[in-house]
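Following this line, the structures themselves.
What follows is chain A paired twice: with chain B in the first complex and chain C in the second.
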Partner chain A sequence: MSATLEDLKKTFAFAIPADVLAKLDPAKPLAAQGVDSLAMTAMAVAMQNAFGVKVSVEEGLKLKTLNDVLAFVNKAR
Partner chain B sequence: MSNYAAHLLLEKAPLWSERIAARCEGRSLTYAELVRLSKAMGGLLRQRGVEPGGKVLLVLPDSFSLLASFLGCMLGGMVPAPLNSRLRRQDYAECLADIEPALVIVSAGHEALDAAAEAGVPALVLDDHSLEPLLQDVAPVVAHPSGLDDVGVFFVTSGTTGHPKVVPHRHEDFFVVGECMGNFFGIRQDDVLLCSAKIGHAYGMFSSLIMPLQVGATVVLDPDKPTPENTLRLFAEEKVTVFLSVPVLFTMLLLAMDSPEGASPAGLGQVRLCFAAGEALPGAVFESWRAKTGLEIWQGYGSTETMTFIIGSRPPDIVPGTAGRVLKPYQACVLDENHRPVPSGVPGQIAVRGASVTRGYHNAPEWTRRIFTADGLLLTGDMGVERDGLFTIMGRMDDMFKAGGLWVSPMRVENALLSHPDVAQCAVTGGDVGAFTLVRAHVVPKQGREAGQELVESLRRHALESLPDYMVPTDIVFHASLPMTASGKIQRFVLRREASNG
Partner chain C sequence: MTTRAEALARLSQQPDTVQPGLVYVVEAFRPEDAEAVCDLFYRVYQDAYPVDMYYIPDAVRGAVAEGALYPVVARLAGGEVIGFAALYRSSPPFAGLLEFGLGMVHPAYRGSLILFHLTTELMDLMNSLPSVEAVYGEAVCDTIITQHSSALFGFREVALELELMPGGGSGRISCLAVFRNIRDRRRTLHAPAFCAGELGKLLAWAELDREVVALGEESLAAQATRLEVQTFAHAGVMRGNVYSLSGDGAAAMRQAEAAAAEQGCRVFQWFLNLAEPSAAAGAWPLARNGYRLGGLMPRWFDDDALLMQKLLDPPAVERINLYSDRAREIQAMTLAEPAL
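Moving on, here comes the complex of A and B:
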């Protein structure tokens, strides 16, 4: 079964402050919407743990938006 | 003049007194104003009873107040100790005990203020709004005839135990670093510099104070934690030409730059030189940056003990994955465990010699003894290898590591986690995910406690109460037991190896 945006948001809930998470536009870069490097790192860890995928440096640099992350997770699983 | 602050303020600044020395949150400070404020601050410190040779702790964001406090202190022969303002009360308490300052200059409401009160050290609360009124009518300090060998600054860095190590540098070290970095970067008077490392670090000190002020250039000070949005805004508004940062911010900028409205390469404005240090720059970040901006990221390797980069690489001589070549006037070599040089291509510990290397830690002869070889070479604690004059850094000899470009002491984090009621045992190591470096905690929960997401979140909240945010573990892995030596010491290297293979 494919993951959904809601699944992602649930997974990232502890990594990103609630007010930032609530306002996230899935089509815009996370780094431009108040998600700092510590939150970004925590998200990458949560994504690896929850969906059992591993991100390389090259792939990580392409995961800019929530939509990018969703597509990556569903392709990698 | 051998007093470095006197050199900058009394010999250099008058050559370009109407130029802008610094910009901060849209405000400008000319060189003439910087000289006046620094002299008055020196006068105020003397009025408050700080004698030449006396120490002053500075816990301020990068700001005009910090520049004037630092330079005023040094000008009057006092010793400023600029500290990272993201540390916590316990860290400041330890610095106060080690440095024994006569005064603490600090922002309102800061944890360092409580630590000063508890230690009975007088504090001066300061920000850029109170700076001018405070210094009105204060008689300027007379430049103190400090010698080249006199201590000009105390930097604080973290040791393996989590206890701060105080690294003194002399006035002469400032002249040496100024010349070395000035030559390497080729900073010009019309440059506008922005450095994401704060002035409390040696990296921030030479980038935001020494390099710009010695040639009459302009430094842009960002009092806040650097973010990609802020950085891109400052590039545009302040017409930044030289950008010095850590790998994680380049990664964040790459991740932020593709926004539909703020299109990419244009976001760099007039930036002509990008530089990364503090951690190894991943090759993929270097390549993506070049593809997107047309600029190759210069790199450097150094430490608080050397006060500057002693190895560096710049175009056209950048070999991704290496730190570069030894810079003048330093010597670097790779040693075996008996401190004998190894042949080219054989890994060992990197050791350094050169004019700005510290003579040793403040009040810590045991630590000092450990970092120098019998020949007087500084042992960096970093493993590395040299091939054809190019150095590659391979990691630490001890358990220290960096996350997001900042030092993390595993013991400091472990002690914080062990004070959580559900933790039986833990060990902390560095790790990475994608291009990010992180703090990873390996935790054995107490019997009957459930190892799950709830405990992860509880541990992170608990850690945040006493640790700087960048030391809070991002990844928490539960174990039934931890690998131990026969003598009962946790083997962090085994955990590191397991994690990188898994």
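Moving on, here comes the complex of A and C:
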């Protein structure tokens, strides 16, 4: 079964500050919406643990938005 | 030897050649990265980073060569370093216990996965180094995100260092000490009776194999007092290591505290070696002098340390954000009056 945006938001509940997560536009760059390097780190580990996917450097460079992350998770797992 | 001022003058003259959005590699530091590492520190902190070494390339190379610093870097094809993280020797006297941290990313690459890749690489490095027996980190409590990441990377909460670092503005930032053991053996510890219950919990949470011997206040004094004290004037913090205490031990600790206060310290930490009964018994005079439990610092002396801490100003508890129930329980321990 494919993961959904809601699944991702639940997974990232402690990775991204709550106020940022609540307003996150899945089509806009995460970095432009207040998701910093620390939050990106927590997101990547949470994603690895929850969905069993590992992000390489090359793949990581393409993950700009939450929609990108969702597409990556559903393709990789 | 280059001075901090000379190094900063050189760095301030150099243009920032980092372009955003480029492919990078993450790997262990190479000596030729040192100039670019110093440049990164300057881009991230300007002239405000308190440790001179990170502005002086030869000093960085020297620290790496002597095994005091194990960095990993994110490097662009042109040699620019856009991310840095390291294992490093800091306050613990045991050389096998390294601190995990110094994570930073060039401003043009913030909001990327560089820090994640650096941390993953550092975890691999940590597990591959035979000289590294344990690692610890100090996760800031102005946000829960670092604590959350630490937990996801397998670190355990062991202590809460109240008001440890200067923060933005007039406030200070508390840090949750987190720990990960790599290789260890069974050890015997002497737990002061008034905090034995708390220590038992912390030992269990950190999954440490220890024989705990209950310690009474009347515990025998050692032949001599052996203390080491460091003051961090820029942070207003005194840190002392207690190896053994004789009859003059309590007075020696009070004198060290007074001297540090004269230098501007407002936060005082004593690390008591729990393998040595006379050092562990130092918890009583400290508790009577306003100190409270900070937590357990495993492997600090190779053997574990009890952290006792005292603040001259009341902690801003409302600014402490904690991720886990264990961390909240540790906070309650640190705020409680010792039941002497």
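The definition used in the following text is that the second predicted complex is superposed on the first by the 77 of 77 C-alpha atoms of A that agree within 3 Å, B and C clash if a C-alpha of one lies under 4 Å from a C-alpha of the other, contacts with A are read in each partner's own complex, and residues count from 1 in each chain.
The definition used in the following text is that a contact is a pair of C-beta atoms (placed from the backbone, for glycine too) under 8 Å apart; a residue touches a chain by one contact, two chains touch by 3 or more.
Owing to the predicted nature of the structure, the values given are computational and were not obtained by experimental measurement.
Asks: Can A:38 be said to touch chain B (first), chain C (second), both, or neither?
Replies: Both partners.
Asks: Between chain B and chain C, whom does A:8 touch in the aligned arrangement: first, second, both, or neither?
Replies: neither
Asks: Please work out whether A:61 is in contact with chain B alone, chain C alone, both, or neither, and reply first, second, both or neither.
Replies: Both: A:61 reaches chain B and chain C.
Asks: Taking the superposition as given, does A:28 touch the first partner, chain B, the second, chain C, both, or neither?
Replies: Touch status of A:28: first partner only.
Asks: Touching A:73, do we find chain B (first), chain C (second), both, or neither?
Replies: Neither chain B nor chain C is touched by A:73.
Asks: Which holds for A:17: it touches chain B only (first), chain C only (second), both, or neither?
Replies: Only chain C; A:17 stays clear of chain B.
Asks: Residue by residue on chain A, keep only those touching chain B in one complex and chain C in the other, then list them.
Replies: The overlap between the chain B and chain C interfaces on chain A comprises residues 14, 29-32, 36-38, 40-42, 44-45, 55, 57-58, 60-61, 63.
Asks: Mind pulling up the chain A residues that touch chain C in the complex?
Replies: By the definition above, chain A touches chain C via 14-17, 29-32, 35-46, 49, 55, 57-58, 60-61, 63.
Asks: Within the complex, which stretch of chain C touches chain A?
Replies: Touching chain A from chain C are residues 21, 23-26, 103, 105, 109-117, 119, 143-146, 148-149, 152-153, 323.
Asks: Quick one: in the complex, what on chain A touches chain B?
Replies: 14, 28-32, 34, 36-38, 40-42, 44-45, 48, 55-61, 63-64
Asks: Across the complex, what residues on chain B touch chain A?
Replies: Touch residues, chain B against chain A: 225, 227-229, 248-249, 251-260, 262, 282-285, 288, 404, 433-436, 438, 453, 456-457, 460, 469-470, 472, 474-475.
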